[in-house]
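Take a look at the structures listed below.
Two complexes, one shared chain (subunit A), two partners (subunit B, subunit C).
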Partner chain A sequence: MTATISTTPVTPTRRRRRSARLSPLLVAFVLVPFAVESVWVFWPALQGFWFSLTRWDGMSPPTFVGVDNYVEMAGDATFRGALLNTVIWLVLFGGLSVLGGFGMALVLQRERRGVGFYRAALFTPVVFSLVVTALVWRVFYQPDGIADTLLRAVGLEQLIRPWLADPQTALYAVILPALWRQIGYVMVLFLAGLKAIDPALHEAARMDGANSWQRLRHVTIPQLRGVNAVVLSVIVIDSLRSFDIVWSLTKGGPYHSSELLSTYMYSTAFQSLRLGYASAIAVVIFVLALAVILGYLVRAFREEA
Partner chain B sequence: MNKLRTGAFHTGMILLSLLWLGPVIWVVVMSTRSFDDIAAHGVGSLPRSFTLDTYRQAWTDGGELRALINSMLVTVPSVALSLGLAAVAAFALSRFRIPGRRTILLLMLAGNLLPPQILLIPVAKFSELTGLYDTLWALIAVQVGFGLGFYTFVLHGFMRDLPGEIQEAATIDGAGVGQIFTRVMLPLTRPALAALGALSFTWIFNDLLWAITVLRTDDNMPVTPALLGLQGQFVSSWNVIAAGTVIAAVPTVAVFLRFQRHFVSGLALGAVK
Partner chain C sequence: MSDFDPGRRRFLGHLGLAGLGALGASSFLSACASSASGPTTGNGSGAVTIQSNLSSPQAKAAMEKLIANFNAQGKGTASLNTIASETFRTQLPTYLTSANPPDLYTWYAGSVANDYASRNLLLDVSDVWKSLGDYPQSLRTLSTDASGKQIFVPMNNYWWGFFYRKSNFAKWGVQEPKTWTEFLALCETLKGKGVPPIGIGLGDTPWVASAWFDYLNIRINGAPFHRELLAGKQRFDDPKVKAVFTRWREALPYFDPKGKAYPFQEATTALLAGKTGMFLIGTFFADAAPKDALGDLDFFRFPIIDPAVPLAEEAPTDGFFASAKTANPTGTRALLTYLSGVEAQEAYVKASSGIVLPANPKAKASDSPLVVKGKAMLDEAKELTQFFNRDSSDALQPTADTALTKFIDKPDQIDAILREWQTSAEKVFKG
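On to the complex of A and B.
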């Protein structure tokens, strides 16, 4: 994929010689970080699965209830709504940020006057926290804020509504700021991928009479396969994790209309104190992410081989 | 024809850039308007006043100073510790034939890919158990533990591709493992460390979820969650909230501007690998 991977002049034969003795320091180099991650990630993750099979209020010890939580979930309308919203989020936030980011990368890939500024402008929101992003957009959506002022200016005042407080629009009003922040990020990933494509390939295709659409379809996109896989995994994992922006703008409301699985899990755990049921929701999020995580690991595994 | 296309390109891109920068500029401008101005003309109007008192209010009355200190107390040690631990792990796993090294590496990466939701309740309970709950220590620990896997993976890829001869030479000169790491590998890994450092600074500084999971007291909150509190405290004082937002955004913008090159290459590092 990149130059760093194709050039591997490391001398594997010589390295083998050191295998005989592992100094204690070396063992510590691996074990200490691994132990830290075990305590704060691996062990909690295992506990999470166990808690999902219990009923627990956080005060008294958890009681084992088997799969009761999952059975309850099947009949929970809020859960189903959150699941549906998560899918919508995945499609709209994920899909549009890939399309937008890829489009912007294509438009801005060639070095020319002004390109640096445009790239920087699109990238600026990436450095803000999602809470900052949320507050910036709250101003936009405020009654008599920028959105309403703009709509009035073009004579569409009948569309004006409390954007974040209307169950019909809340979810989409939250997706928009999330996209605003994500497109610049995806653009940078694709720009790095585009840069790695050998210009000779485009030159050859042009000589053969390929127009720009054909070159995009048959040269650029196949050459970006590696980046595409990474971007897709990042996007799916990011979508399932999305929490901050929803929590800062609507907390999942009104009436759960912008509820995602992640926000429903959080409020179930730390506001309703139903830790067992919340753990079960977390397991569902994990299962949804699993395919993507495995795909990512398989790719990583192949490269390390 | 060509000129027309260039013109269309720039017109389109300037409009788009405005769409991206406009809301940010709007908030910066709003942070300098007086309360009366906003109350009279709304947040959507152009400014008719100028004041910097909003920053004083957010800074002292709103507790942003306290929150910024907390953020720094968490972010700086977290970045240093997680990169330090990741660097030694990546060094050992990439330069020595440690049994099961590939499995260890991928397990560590897998930990970072987990949705944090599965960890929230156990981590909150574990920090209660150890007495770390509602202290900055808990936040530092979980940030280090959760970030480690990804940093190790990226640094491993980088160190693996460094030429073996330098290490050979150092070994022949009698350098031990520790010396090879500090004198030879660390200096060569500096670009990757800088990139990851800039990235992890913004990630940890910008975090909301872990902070509100392991912290409870307002006085302990870093600036990102504190910003949500500020909104509750100054309900309709949009100018103060805007000032608070600007204050919360300045550190990451500063890091980005200072390490711009590293920052972008860091993102690409994660992507192209």
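On to the complex of A and C.
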């Protein structure tokens, strides 16, 4: 930060001398949070990497086993299932919430009568705690619940099944409530981005004879680049850490059919008490999140440069 | 078993984790390792701290009353910490390994306690047992660790059985079955009347299925084999284990298909409403039953399959153990002596709602016909088992949940299921 200040051309000599001596306040602002983060975030995170190389039950001291946990992971069918489910989750939950959120934002961006009500309605699920959301959806899915009643009303009773207890449907039955919540959130992010676009750009495009599709494709979307980065990070992180809704609806069951990496990590750590293996799963989740987000950021920066 | 109820209480522990995200979670794991700090109360010869997972309103009130009574006696002081059950379960190893642990804990007898004892984490309470000479040998054995000293003091136990409504059985004109053949015939009769014969609640509470496994195994292969299997000394892909599932398969067509989707509390509601015929469950289910239905409830023991196998019943025992590192062993033992006495046990039974049997043989249980029948059933048994997780570990329970729910869905794949079960059990035993 000091570097940018010092390059401003006004009275360069005096500025440069001052910037050489760091203000103690500034140092404190940097070092205190860094120290706190180190103790509470960086150091435990590094320890997590170390634990992934150990076998540990949480009581006896951890024993070093090298890459055994990762070798085991390669042959673990439950882990592969959880990884696949996480990818499905990332694509469906991430993709649909971006499409849905962006669509809703486009529809609701214009100030019209009653638009505030619709925005609020779509945003309401975000306000509910996820546990409440899960309880509501559980009632929806329960045998002879609302879902079954609706299907019967339209004559589709042959489709009725135990939604959360059937391995064919459990994962998708959990994605739906997660989407129900996430779309409202993504919509708000996009609405903010859309509001920030200079109306003059649209006007100029219209003058040049661009139709509404062309304006969307060549004006709106490029202008949203900054928001896209935020949305992508939010989506990837939310997908990989999706845990509460799955745990409170199915706990990853029945027999691992809706297991995500996050729920598998939790049950490995705190039910099976295999904290070394659970740490290895945590490392994989971290690497996945980092890879997706870094990949996007690198591309975004390259385009800007 | 009522306290091992992942459904409701697991939320607390989990929500905290969910917010931490991917990397945060690994920091959470390591936080347990690097800072093994427990509550800092209960030092020196001051108050004895008792860490309790009995968090349901009646049980909590009952414990508070006991501690107040103890403090009024002037033999020492104690303070009660009631912790949400699931938090308690996940934190228990941390409590016990911390430098300054709470003194006394509510928990389960059996292999869970023995496992802690083998790590030298539990206080030797043989002194307390000297005053418990009239306790049955089965409870003494259950409270003794591998090195021969007592490390556990039982408070009460309860039983599992097939519960049903007397009025419904009368309406359907059916009787309690004694043998497996009679049981299957009863199922057939009920099915013919359009009632799903066997209720179950596996959604959110999949561990309920373990009762079926436990009972079939102790009826077919006997309690000693069952214990060895759960301790990792036998294999889940053994033909003897497969025989359990062959029997189970005979009863599978009579299970309520909706039972996969709802928890045992709703299965209770279904039973009381006459939507299922009977329900294999522990007495704690009555907590979820309205008071007026209690008088109409009755039960029968799990039917006999092989009369040559010594009769065993599931009787999970709850009680207390103490930390080996307690700063006040005298006070802790005094409190344990009080809690195992007739007065405290009767006070607990009276104040708590559950249908439980006090561990002290001199303490009077409730005189309801249900409790009298339950006590008689346990007294008749040659062997008592605890429950799947208590005879093995909470770590092994999820492997059973996976195997058993899969079997109920796909009984054809039993060989593959048992192989998978053996593999995941080995991982748990290996650590």
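The working rule: the second predicted complex is superposed on the first by the 258 of 305 C-alpha atoms of A that agree within 3 Å, B and C clash if a C-alpha of one lies under 4 Å from a C-alpha of the other, contacts with A are read in each partner's own complex, and residues count from 1 in each chain.
Basically, contacts are C-beta pairs under 8 Å (C-beta built on N, C-alpha and C of every residue); 3 or more make two chains touch, one makes a residue touch a chain.
Quantities reported herein were computed from a predicted structural model and do not represent experimental measurements.
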Partner chain(s) touched by A:59 [first = subunit B, second = subunit C, both, neither]: second
Winner by number of subunit A residues touched, once subunit B and subunit C are compared: B
Touched partner set for A:22, first subunit B, second subunit C, both or neither: first
Partner chain in contact with A:300 - subunit B first, subunit C second, else both or neither: first
Which superposed partner A:163 touches (first subunit B, second subunit C, both, neither): second
Touched partner set for A:272, first subunit B, second subunit C, both or neither: second
Contacts of A:139 with subunit B and subunit C, given as first, second, both or neither: first
Touching partner for A:237 - first (subunit B), second (subunit C), both, neither: both
Residues of subunit A at both interfaces, subunit B in one complex, subunit C in the other: 40-41, 44-45, 47-49, 51, 58, 130-131, 142, 144, 237, 240-241, 243-244, 247-248, 262, 265-266, 269-270, 275, 278-279, 282-283, 285-286, 289
List of subunit A residues in touch with subunit C within their complex: 40-41, 44-45, 47-49, 51-52, 55-60, 62, 72, 77-78, 130-131, 141-144, 162-167, 237, 240-241, 243-244, 247-248, 251, 253-256, 262, 265-267, 269-275, 277-279, 282-283, 285-286, 288-289
Interfacial residue positions of subunit A with respect to subunit B in the complex: 1-2, 4-5, 7-11, 14-16, 18-19, 22-23, 25-26, 29-30, 32-34, 36-37, 39-45, 47-49, 51, 58, 107-108, 114, 117-118, 121-125, 127-132, 135-137, 139-140, 142, 144-146, 148-149, 180, 184-185, 188-189, 191-193, 196, 226-227, 230-231, 234, 237, 240-241, 243-244, 247-248, 261-262, 265-266, 269-270, 275, 278-279, 281-283, 285-286, 289, 293, 296-297, 300-301, 303-305
Of subunit B, residues touching subunit A in the complex: 9-10, 13, 16-17, 20-21, 23-24, 26-27, 30, 42-45, 85-86, 88-89, 91-93, 95-98, 101-102, 104-126, 141-142, 144-146, 148-149, 152-153, 157-158, 160-165, 168, 171, 176-178, 181, 202, 205-209, 212-213, 224-225, 227-228, 231, 238, 241-242, 245, 248-249, 252-253, 255-256, 263-264, 267-268, 270-273
Subunit A partner contacts - residues on subunit C that touch it in the complex: 6, 10-11, 13-15, 17-18, 20-34, 90, 93-94, 96-97, 119, 121, 202-204, 206, 257-258, 260-262, 266, 394-395, 397-398, 401-403, 405-406, 409, 420, 424, 427-428, 430-431
